Amino acid sequence: RFGYFGAPSPEVVRLMFCNISGCLTGGRIFMSVSGEEMVSINIRDTRAIRMLQKEDIEVVLLTSDMDPVAMLLTDRLTERTGCRVVQVGDEPLHLLRKMVEEKKLDWKDVAYMGSDQQDVNCLNLAGMSAVPGDAPNVAINASKYTCRKMGGAGALREFAEHILLQKEKAKSHREQHRIDRINF
Amino acid sequence: RFGYFGAPSPEVVRLMFCNISGCLTGGRIFMSVSGEEMVSINIRDTRAIRMLQKEDIEVVLLTSDMDPVAMLLTDRLTERTGCRVVQVGDEPLHLLRKMVEEKKLDWKDVAYMGSDQQDVNCLNLAGMSAVPGDAPNVAINASKYTCRKMGGAGALREFAEHILLQKEKAKSHREQHRIDRINF
Amino acid sequence: RFGYFGAPSPEVVRLMFCNISGCLTGGRIFMSVSGEEMVSINIRDTRAIRMLQKEDIEVVLLTSDMDPVAMLLTDRLTERTGCRVVQVGDEPLHLLRKMVEEKKLDWKDVAYMGSDQQDVNCLNLAGMSAVPGDAPNVAINASKYTCRKMGGAGALREFAEHILLQKEKAKSHREQHRIDRINF
Amino acid sequence: RFGYFGAPSPEVVRLMFCNISGCLTGGRIFMSVSGEEMVSINIRDTRAIRMLQKEDIEVVLLTSDMDPVAMLLTDRLTERTGCRVVQVGDEPLHLLRKMVEEKKLDWKDVAYMGSDQQDVNCLNLAGMSAVPGDAPNVAINASKYTCRKMGGAGALREFAEHILLQKEKAKSHREQHRIDRINF
């Protein structure tokens, strides 16, 4: 990208996918005797989404029929986060591959946050990927970054800060590069 | 089972009993002023049940009048997990002994997950048994495996992965055995 | 009590007071937008109360207008635990002193579980006393035993097991003493 | 203040601001399928507010449209804590600066508890400032004291005890000073 003298610069994320179940919400589902069901999200995580959006990173939330509660909360999560919620099946990759291509992005420009078996392929493929600290081993092994925070308790915030730090680094790297080219 | 040259192979679980109270749900009961009661389950644990079922292990959930909330949630837990919920009394062994015999199984083919005093006899008897990490000592001492995860927070998932790993080992052991018999 | 050669035997608890707020319930109060309020209790703790009652230890739960939610749940907690719930003011000692006298007990036969400033005098006075692991320092310093478990998450169970172990020891001490007197 | 021989005495807090979101409540928001939303507060923290008020420290709770649930609970939090709830925007300092001036106080007489980016300026300015132990780094770095307890789980209580201890120290310092002046 930087011509002959160009060195590879740290990648910059343009699109982030985040599985709602276990990442934005904790894995816990509260069931009441009268039939009400509840999940919890964390205000630090919804703020993290706003932080990413301000830096022009599109955040897309994923849900599947494996977590019926998350599906029912789609509208309210959209309202709270300003994110599109996309319903994916057992293998999110099928749908997301198309989305990435349509946006003319490369998977190395994509961040993915997942929490279980169904996320393994996407965790492997994405340029940056993370799981909450309480994820099962199968997901931890596939992800590039394991958050210290748990799902629904700041893990998304931690990953967002990691992404923004990388973006900052890439920016100062480009600046440095431009200065180098001017001086020599 | 393997004739003259047969060595004892690692056992394979065919049936699993899991006490709902303290294992599938955490021990916590939420009580509202208006009379509503709530417990929480974890999506990782319900997925674990599906994982076991896919490997042809029948999972039976146990409840007793010692945990009235769990009893009231029977239908909803069946729907979510696809498991039969059986009501046992102070001593689950009375009923489960019959079930194991009717299925012509041996207790060494049975896995049991419990969390307190009333589970002690079953924990002792089952071929594989576990308690969540926050179980009282009386239950920990009787079980063969103590999960690092807490009840309602991934303990069942941890035990399920342990069971499936044993099954995998038993399978490769049988394969190895078959190869040995062919070659020699 | 054992005449001339008698050594002091470990005390046996006959009555236990337990502050609901912060001990039986965690300190957490859930407030919903629609005006509903919720607290949580732990099934291991309610079982602990049943264990004490079986050993002829009367358990009395305490509540005060400092925790309005606990007061509203009085009937339901009585139903679940079989305990009398007594409303005490800022200083539980005023009322409890009378109760202890009426039952012709000594404070050394009384166990007390509390969680904050208002429990300090009772924690100091009772023969056995405990606070949950997450209690503030002022309460920890006044109590004889600090639970490793948190309030509403097994602290009461831990203290109950401690009490029952002492009772067991006292019993075997008495047995030993009787044998000694017969033999010498 | 103490004339010629006066040494600077430890400061005494007269006014405390506390952001509701993440300090008084945990960051967690419970969302039910039927549209109900819930947060939790801790009885130890509400007691801490009463402790501060008894020592003539005014406590003002802050909320913003970044946490819609906290805003909806304003009336109930006022009722429970006896505090005024003030709505601040993205930068609490704009409004609080005026409040501090109107009360003819200096920022060194003010304590501030916050939990995120928007609190950074106030955390820097206040004479005493704290964040809960689970706050993001940006807030931890700006605050003078990082609580070991988490938000909604005793952090406010911990900070209140820290403030009251300082006040005690200042008082005994003044006493000592008065004695010194009399004796020499």
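Residue numbering begins at 1 within each chain, and the chains themselves are lettered A, B, C and D in the order written.
The rule is simple: a contact is a pair of C-beta atoms (placed from the backbone, for glycine too) under 8 Å apart; a residue touches a chain by one contact, two chains touch by 3 or more.
Computed from a predicted model, the values in this text were never measured in an experiment.
Participant: Taking each chain's centre as the mean of its Cα atoms, which chain lies farthest from chain C?
Facilitator: A
Participant: Could you tell me the distance, in whole angstrom, between the mean C-alpha positions of chain B and chain D?
Facilitator: Distance between chain centres, rounded to whole Å: 48 Å.
Participant: Quick one: report the Å distance separating chain C from chain D, using the average Cα coordinate of each chain.
Facilitator: 34
Participant: Going by the touch rule set out above, which residues of chain A reach two or more other chains?
Facilitator: Those would be 30, 36, 38.
Participant: What are all the touching pairs of chains?
Facilitator: A-B, A-D, B-C, C-D
Participant: Under the definition above, what is the set of chain A residues touching chain D in their complex?
Facilitator: Residues of chain A touching chain D: 30, 36-44, 47, 69, 72-73, 76, 152-154, 157, 161.
Participant: Inside the complex, what are the residues of chain B that reach chain C?
Facilitator: 21-22, 27-36, 38, 66-67, 116-117, 134, 136-137
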